[in-house]
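Take a look at the structures listed below.
Note that subunit A is present in both complexes that follow, paired respectively with subunit B and with subunit C.
Let's turn to the complex of A and B:
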């Protein structure tokens, strides 16, 4: 490990949550504008987390604080691995650990809504993991290596030209991972619905604030990996990420929630098969 | 010194077992099992410190031993035939007759093969299996002491069957060690058959109709495996006149030769490793007392199968049968993981997960490159410790509450915290980084990078496994809407000691995985381990350690404060454990996991996956003719 890698890793640790918070702010402003509202200020997510941090609320289970911190650490570790140009598969596995800890925290809570959310969170993982990883395999095959640096320096031609069929899969993964309609199955943004807050029901105060930060870190990882599709320069990558973000917000605003059965039986298999077909195509080429 | 170590590892368990049978008293048995465990562990570590080496201990190399091994090739099938005839079990009769016919034909027609230079050749793979058997197997044997006592108290037997039980249990360990170390195909085969016999006796130990049925199912399937192995060995002898295993697995030997013997031998490994479509014998093994299923699933028997495949992996590299074997392993990994997701019976979850993970090791064998094989060995060792731990935990919890259904195990962390938390650690260790199982899986994916179907199947299986194991751990840790009065659970130190040691093994091996991987690689590759993804692990361990400390601090803080009352979405007027729902009524709260049986149901998958896996296996043997 050389010094540059180290600086990059530290940058990842600090920048990822900040960028993720900004993404969340942009998300709220754009969503509001789409709904003809003014919306909160751009930095509202940071104010929210700041306020949550100051609250001390009785936990629903004494295990939750532990799992929340483990989830946060895993999410940040995934960021660091990606920033330092590490193995993308491993980065994603580390992030899956974070999601598992969130589910564990929800399981150890006492509210039935929280446990329902945990079950659904797991089924979501079941659906997005293979699709996302097959997309990563496509990128790795085209670029000739599994680590982020190799994929980003793959060549003059954007990877997107070689893997158009992973796009539906990536959109699906982003929707699930950012908890957006129609796949906001495990935790919706609106506490008054039948799910209540799903997997987050039992988290409150500081624990919840830290989970929010972990979520920001996750979003950065996913958006960044998506932006590998057009990695001809930093600006292009940012544009890809912003376009992806806008598409997700748009879909969120025009669709209603589907059931988890639909996700497991229709949406996930369909997008997986497309992504896999693309992978086979790359190998047969 | 080495000869003494090998002698203890291979012969002493049988002697100790016979002593158990003769002495009969529980005290003597306990002492013998503890002594054997300690001796095995010490000798295995002694061997490991000398690896790699070759040895020629007299008791494995002499003419007499080879005569015994050849005689056993007839004695075992004859016994199987006898039991088959007594039970009128057609399949057992057919396959044991075939085994007998092959053995007799081989004796009559085969020329004396070249003398084997070294009776024992110990490399990384052998010593790993020996260590796994000696340490994990011994821990299970210790766990069996109080467990079997309790088990027999529960059954109210007039005459204890424990002496015979421990004879078979201990002898099993010896035969496994013999298999791991011997370099003569004939001795190897005798030990291989001996493990079939031991598992048959152990599964049928309780002698209930279900146990008998399962035992005979295990017997016919493994007798079929024996037929595969013996015909493979005879063909090897015929083709080359060699029975030295390390000479046989030299790829140079096979250039231009028919690969049929290798395909047959590997198929025997797949049967023993309970690969689909032969998974049913391992599922049947659940009916046996917990130490038996723990032993069969983690450190013995199934590991014999993957050991055989890994041993032959150098010959499989870049061959058609290697590619098909990898594909069939990956498919078993995927299907096994899917089936474990659909189970609420905790032991079945474990069983299907075992089948799946063995598939993963078979993938490594099929790929056959040094990097893949090293990953396979890491998986073998870490899986043994982790799965052993999980079996012991589930067995202990089953004895505590009298049920092995995951729904009944909900919130076990309140009833027997130590065991439940150990089980959670094992469950999460199966799927989360930086533990060895996940890292091994990841290394396998990257080793399979020339085969997209294998990679995709592993990814699918891996996602299924995450869901299955996190749900398993989450259910055990599930918080109760209402705290129930807790009954203190007293367990024997002989239960807790193996549990805790196994936990330490599982976590230690899981964390040591990158170093084990480096040890298993040839020198040229070993240096590069830490520049690849394995190198990510040491920093991750430090991160984990920090996270652990922070987590413990928060846990301490949150344990001290009162907890919030559960949110039921109801009105404050609801009574405890209920919520006010439709009709303004108080509805009692019930919880349950979603097993999605309409998607992951057992019967549908068994048919579909069994057929497909069977075709793959046929294709593998057929591939040898191409």
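Let's turn to the complex of A and C:
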């Protein structure tokens, strides 16, 4: 590991949550504008986290704090690996660990809503993880390596031309990871769903703030991996990430929540088959 | 004022509890979330979970059955917290205050910071009450170290 990699890793540790918070702010403003509202200030997510940090409340269980901190460490580690140009597959596995810690934290609480949310979180992981894995495999196969640097320097032709069929899968993964309709099953930001805060019900105060920061870090990782599809330059990658973000917000605003049965039986198999067909195509080419 | 203290004023999350209201004040409270009033401008979100809430908005009269739930919700909220009694019934018991099963207004059970009169209270008045409550909180935070 040279010094540049070390600096990039430190930048990832600091910048990823900040960028994730800004993405969350943009999300809330754009959502409000789509609904003909003015919306909160751009920095509102930072105020929310600051407020939660200063709240005094007893945790719902002794285990929760530990799980929350491990989830945060795992999410930030995924960012560090990606910023340092490391193995995308490793980044994917670390992030899966983070999601598991969130579910375990929710299971250790006492509220039935929290437990229901945690079960749905596991269902979501069951659905999006294979699709996400196949998408990463597609990118690695086309670019010739699993390193983020290798994928970003894959060549003049964007990877998108070689993997158009993973797009529905990536949109599905983004919807689930960003907790957006129609797949905001385990938790959502709006008060109009049947299970509102779901997996987050029992987390409160500082623990909840740390989970929010972990969520920001996750969003940065997922958007970055999506931007590999057009990695011909930094600007193009940013544009791809912004387009992906806008598509997700748009879908969130025009759709209602589906059931977990629909997710398990229809959405996940369909997008998985498409992504897998793309992978086969790359291998047979 | 530090960032953390400033954040407490800029990010009030609401918990709305219908204590025994005729739904008039509840409709007006929920109207605050619509594009016409857009309460999210102030960073306000309706969370529906006492563990995440900073402001408890209570509508309707209190009776012996829902008093327990009201107290429970209040106790589950993290400090510092605000309570806003909305409507004539929430403030004093309104026209039902003499009824045998009615204990009175919200302040018979938990401490109330802001009262919003009206039958039903207007959305503008409810938003004003939240902002007034935040002003009160700001004063408390500035006074503390």
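Just so it is clear, the second predicted complex is superposed on the first by the 281 of 285 C-alpha atoms of A that agree within 3 Å, B and C clash if a C-alpha of one lies under 4 Å from a C-alpha of the other, contacts with A are read in each partner's own complex, and residues count from 1 in each chain.
The rule is short, and it goes like this: a residue touches a chain if its C-beta (ideal position, glycine included) is under 8 Å from a C-beta of that chain, and two chains touch if they have at least 3 such contacts.
This one's a predicted model, so the numbers in the text were calculated from it and none came from an experiment.
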Which superposed partner A:258 touches (first subunit B, second subunit C, both, neither): neither
More subunit A residues in contact [subunit B versus subunit C]: B
Partner chain(s) touched by A:196 [first = subunit B, second = subunit C, both, neither]: both
First, second, both or neither for A:242, with subunit B first and subunit C second: neither
First (subunit B), second (subunit C), both or neither touched by A:171: neither
Touched partner set for A:39, first subunit B, second subunit C, both or neither: second
Contacts of A:57 with subunit B and subunit C, given as first, second, both or neither: both
Contacts of A:48 with subunit B and subunit C, given as first, second, both or neither: second
First, second, both or neither for A:205, with subunit B first and subunit C second: second
Common ground on subunit A, meaning residues reached by subunit C in one complex and by subunit B in the other: 57, 60, 196, 201-202, 204
Touch list for subunit A against partner subunit B, complex: 57-70, 73-74, 77, 81, 86-87, 89-90, 93-94, 96-97, 100, 103-104, 106-115, 118-119, 122-123, 125-127, 129-130, 133-134, 137, 140-141, 146, 196, 201-202, 204, 264-265, 276, 279-280, 282-283
Subunit A residues touching subunit C - in the complex, by the definition given at the top: 28, 32, 35-41, 44, 46-51, 53-57, 60, 189, 191, 196-197, 200-205, 208
Subunit A contact footprint on subunit C (complex, rising order): 3-8, 10-11, 13, 33, 35, 38, 40-43, 45-49, 51-52, 54, 78-79
Subunit B residues touching subunit A - in the complex, by the definition given at the top: 341, 413, 428, 431-433, 438, 442, 445-446, 449, 452-453, 455-456, 459-460, 462-464, 466-467, 470-471, 473-475, 477-481, 532-533, 536, 540, 543, 546-547, 550-552, 554-555, 557-559, 561-569, 589, 591, 593-594, 596, 599
